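One chain, chain A, links the two complexes that follow: it is found with chain B in the first and with chain C in the second.
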Partner chain A sequence: MQTGQQRKERIDRGIRIRSDGLYALMSWRELSYLTLPRLALIAGMLTLPLVLPGMYWQRVVSIACIYALLALSFDFLAHFVGLVCLGGAFFVGTGGYLAAILNTSFGLPPVMTIPLATVLGAALCTLLLLPCLPLRGVYFAIVSLMYPLFAMRVIEALNIFGGTDGILGIDSFSSRWTEQYAVIGATLLFLFGTRRLVNMDIGLVLRGVKDNDQAIRASGMNITRYKTLAVFIASAMGCMGGAFLVHIYMWSGISQFALDFSILPIAATVIGGSGTLAGAVIGCLILVPISELLRDFGTLRIVFYAVILMGFIVFRSEGLLVYGQRKYHQFERWTTRL
Partner chain B sequence: MTPEPILQVKNITKAFGGIQALNGVSFDVYEGEILGIIGPNGSGKTTVVNCITGFIRKTAGEVFFRGKDISRKPPHKIADMGITRTFQIMRPYFTLPAYKNLVIPLFSPRAKRTGGWRGGGKLGDRKTVGIDILEEIGFERDSFVPYKLASSLPTGYLKRLELARCLALKPDIIFCDEIFSGLSMSEISSMVPLIERLQMDGITLVMIEHRLRELFRVANRVMVLNFGEKLMEGTAAAVMADEAVKKAYFGSEKIEELIGDVNG
Partner chain C sequence: MEILIYGTINSAALALYALGFAMVYGVSRLPNFAHGALYVLSGFMTWFFLNSLGLNYLLSVILAMLATGMIGALMYQFILIRIRGMEISEIMATYAMGLAILEGLRWGGFKGMTYTLPAFIAGSTTIFGVSVDYQRLLVVAIGGAVVGLLWLFTHYTRMGLSLRGMAQDERAALMLGIDSDRMALVAMAFGSSLAALAAICLLPLGNIVVEAGYNVLILAIAVCIVGGLGSWMGAVLAAFLIGFAQILTVVYLGAHYQMVVALLAIILTLIIRPSGLFGRQKELEERV
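Let's look at the complex of A and B:
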């Protein structure tokens, strides 16, 4: 007799099936099954500034949250609308410069400049990206990558907005606690906001644009309109990140158009789990501190960084959160197939 | 049959580079009828649909819907006027469950105006309306089928889903691009009454088909295309009897064999 092959069997937990529809929640146990992971994330992020030693690491958390906003924007556009956008740096730069100008030239406080830069910056980015919206997939990626490079060179060549020196003397936040909780609050708000959005009826239309834009047109809807809306939402997240950044650094310069802001969020999304939104945030909270820890190694840190990334892509290409979700929702056991 | 056609197609011509896909095709569609379009492979059947529904731009020619020129309108405007289509290669939203597939067309301006299929101008909760439409089109309401991911549905259900997506808009005309192909005999035999019911509901259907036996059972008139030109137009019996059609389409005298017992 030949023994059968061993294989792993995955079975959904009963509680998972029942909790798919909220009406089926019968007990506190089932309710906590759904809410605990979410509460853990919120509580974890809110307590981070309290438990971390010193200002340095608190600042790292702020920067990680700014990257998280960008990663959310990337994940939302790429996995729910089908636009692979490498223009994260363009969003940061636009939002950053707008906040800087509003603050230094018009004397508005950060409370005003950040929301204004978010909305105006998103409108500006959307307007400029409008001609590229008919493009799909990798073509949109290539064109959107050009935008930050283009903006950087324009500022440099025309010597506007302080040229290569940038804009100096921007107000900082009133205290480091305001800074921390403003950034963390905005990240959580956008995280749960986009999660809600993609499950609403209009979110389903956006996901339809990704799956099959021809069918959307055959249903009597203008795809460009929905893509415009999605780009506005995504660039609003990026612009808000940029506005936070200039108030944290008290300086705005062409390095805000640096490609780091386009690339790192993508790496974080891959590590955290693409298409999960929360995974993008978690990925940033892991990657940004790692990149800080590796700073001691000087230029060698890029090598370490690349090795970590490659390891993830080869061994856990699904991403941390997708892996975690599977373990949380399913039993796994070895069975013998005869 | 009303003398005034709901859709007038005049001399549409389409060239893909040097290839003349359509060469001056004209025909009328009357309100409430089922018009079949047949023809050998590559004769331009799907191109006709693509040209009328605006998915590809015509080289020349005009299309009038209820007397209005829709020749230069984009596809979503044409769909908004009530001319919908299914796709030959089925295009559901694969990552969504079947009933959420219908939430998307129900979100369109036309569905909001009309309330969707059977809707009396007022649209309820889109998910509920979606499941209602799926039930009418043959998804078992109390089973798991409407809640399954579209990617896991078999072909028969996907074809119905395509039709349901059109119905969600409460259309005036549906262009069905090979809705019978790839289905088993039992699936077809349940699809035919569905088509007849849509006609009774007052929806005009234009059906492109290769399954002639089933098409001839439901179609009021049949148009034959060959090499991008209209060969003839007439009742099923007239088309079957026509010598030129036999030659172009079937290449032999085997038409009676292919059609089989269409008349009884």
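Let's look at the complex of A and C:
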């Protein structure tokens, strides 16, 4: 038989249909079908610091989780609200500098500076981004890309916040275990928090803003209010990442506005699977260690992940997690075309 | 007087940076974020032809322009054609390409102060009591010539007219039998060659450094956005606006603020009037 006569069809697995909705509670098998992937991710992330050898790789996990927070914020804004923010570095820098100032000038401990920097930083970012919220598509993308560059040049030109040297002498965490579990805990919390959020009523409205904002407007809802809320949530994630970062490195400088923090999370989101949230986290857990392994090659690692990013965008735009989900939920078989 | 002369030179330089970007975006709605990388790449290619292969200066300039145009065309034909119309993928893919080129060059050892191109004509002259070297005057001359030739090309040749047709209304152009993909390919090749031309005119004024790629990209975007994305004459006028604004800040505030002006121009223009000062307002496409 010629291959032209056959086609592949995808069929949902029986257990997927059985475990849809309330019926999932009927048997252990169906319960575990639903919860196992989630529990595997949680358990995997919680045991990572225990199984990894040496402080170096534990530090890599912390950094990966910070990138994961950023990737979550990008994924949430881009695929659930329709605001493609290429300036994740702006959130990191704002959160980082706020935490650094709170710590060095006001003497607050990390327990206080991180939540404060998260909330204050998010408020500040939202306020600064407020004028460009009505913009759409490529216009918002370009303007958000310019924000961190602008902040960087302003700090350089005005020579404020320590200028090009940055702020030194920031407290570190009390032990590396608190550092690790604080970052991992925050990542998991925000991951499941945003997943929950986009499935609630407000998530529906936000997706409406993305797909057809005129319809939302016609329903008597204020688009700008919802966009502001979404930007606040996303920038809170980014600012928290930045605050963790300065306490881990005990240093805050203009390199926190660097393009790395804007590009790597986007690459991770594309690789992990756009619009899945968990994919963004998984993408970071893959990409950051790879980029660490390639550190010996200097700037070649940037070339490497730029090429990966390009390849995934052009040839495999669905990403790893969507692919995995399809294999988990469905099976494929060849059928004869009728 | 100094401000007037150096402002004009700076504006001509900005116009040269931006024309390639404006051309590609105007014709195919493709924001070419690899523009700065192509600029630097062509500078290094000219250097390579000149010093390693020992070719004639004019010959290596022409070769570098052709090669850059070729690279642009290949980028379009093999990668960008698959994601036409998906704005975000376009931005990210071109940006990733630019990043790969720039960081690849840096890894390849092309850094430091050793790479310079010779000026076309050495020496300097005095105009109204201000000393200007010939290369800078040449930049203004070439900038003017490029704008003039582009205007003639897009108004009086068949291909130029089809490019303009594409820029105005892609569907109508398709109905009139203009091959949209071929025209976009041509525009990408032309735009890349224009980046190469800018590099060849402007790089003799300093060293060839990888960092210039990022700055050129920002400046090109600034000019195009202030002038209105897709409007070529708007880009030229905006180049003068930003060019003089930059020189004025350098004179009255200090050189640190030069880049701040460009970035501020982008942010303010986008917030207040996203289609730029000279673009047609398309309210529904760009804002809610």
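Going forward, the second predicted complex is superposed on the first by the 319 of 338 C-alpha atoms of A that agree within 3 Å, B and C clash if a C-alpha of one lies under 4 Å from a C-alpha of the other, contacts with A are read in each partner's own complex, and residues count from 1 in each chain.
Operating definition for what follows: contacts are C-beta pairs under 8 Å (C-beta built on N, C-alpha and C of every residue); 3 or more make two chains touch, one makes a residue touch a chain.
None of these values were measured; they are calculated from a predicted model.
Asker: With both complexes superposed on chain A, which partner does A:A78 reach: first (chain B), second (chain C), both or neither?
Answerer: second
Asker: Just to be sure I read the superposition right, which of the two partners does A:P131 touch: chain B = first, chain C = second, or both, or neither?
Answerer: Touch status of A:P131: second partner only.
Asker: Does the superposition put A:R217 against chain B (first), chain C (second), both, or neither?
Answerer: Both: A:R217 reaches chain B and chain C.
Asker: Can you tell me whether chain B or chain C touches more residues on chain A?
Answerer: If we count touched residues of chain A for both partners, the winner is C.
Asker: A:L86 in the overlay: touching chain B, chain C, both, or neither? Say first, second, both or neither.
Answerer: second
Asker: Quick one: classify A:I313 as touching chain B (first), chain C (second), both or neither.
Answerer: In the superposed model, A:I313 contacts chain C only, not chain B.
Asker: Looking at A:I202, would you say it contacts chain B, chain C, both, or neither? Reply first, second, both or neither.
Answerer: First partner only.
Asker: Just which bits of chain A does chain B share with chain C as contact spots?
Answerer: Comparing the two interfaces on chain A, one with chain B and one with chain C, the shared residues are 214, 217, 223.
Asker: Hey, which residues of chain C end up touching chain A in the complex?
Answerer: Contact set of chain C toward chain A: 31, 79, 82-83, 87-89, 91-93, 95-97, 99-100, 103-104, 106-107, 218, 221, 225, 254, 256-257, 259-260, 263-264, 266-267, 270-271, 274, 285-288.
Asker: Which residues, counting only chain B, touch chain A once they are in their complex?
Answerer: Contacts found on chain B: 53, 55, 74-77, 79-80, 84-85, 87, 91-96, 100, 103-111, 126, 165-166, 168-169.
Asker: Name, in rising order, each residue of chain A that touches chain C in their complex.
Answerer: For this pair, the touching residues of chain A are 78, 84, 86, 131-132, 134-139, 141-143, 146-147, 149-150, 153-154, 156-157, 213-214, 217, 223-224, 263, 266-267, 270, 297-300, 302-303, 306-307, 309-310, 313-315, 317.
Asker: In the complex, go through chain A and note every residue touching chain B.
Answerer: Going through chain A, the ones touching chain B are 201-202, 204-205, 207-208, 210-212, 214-223.
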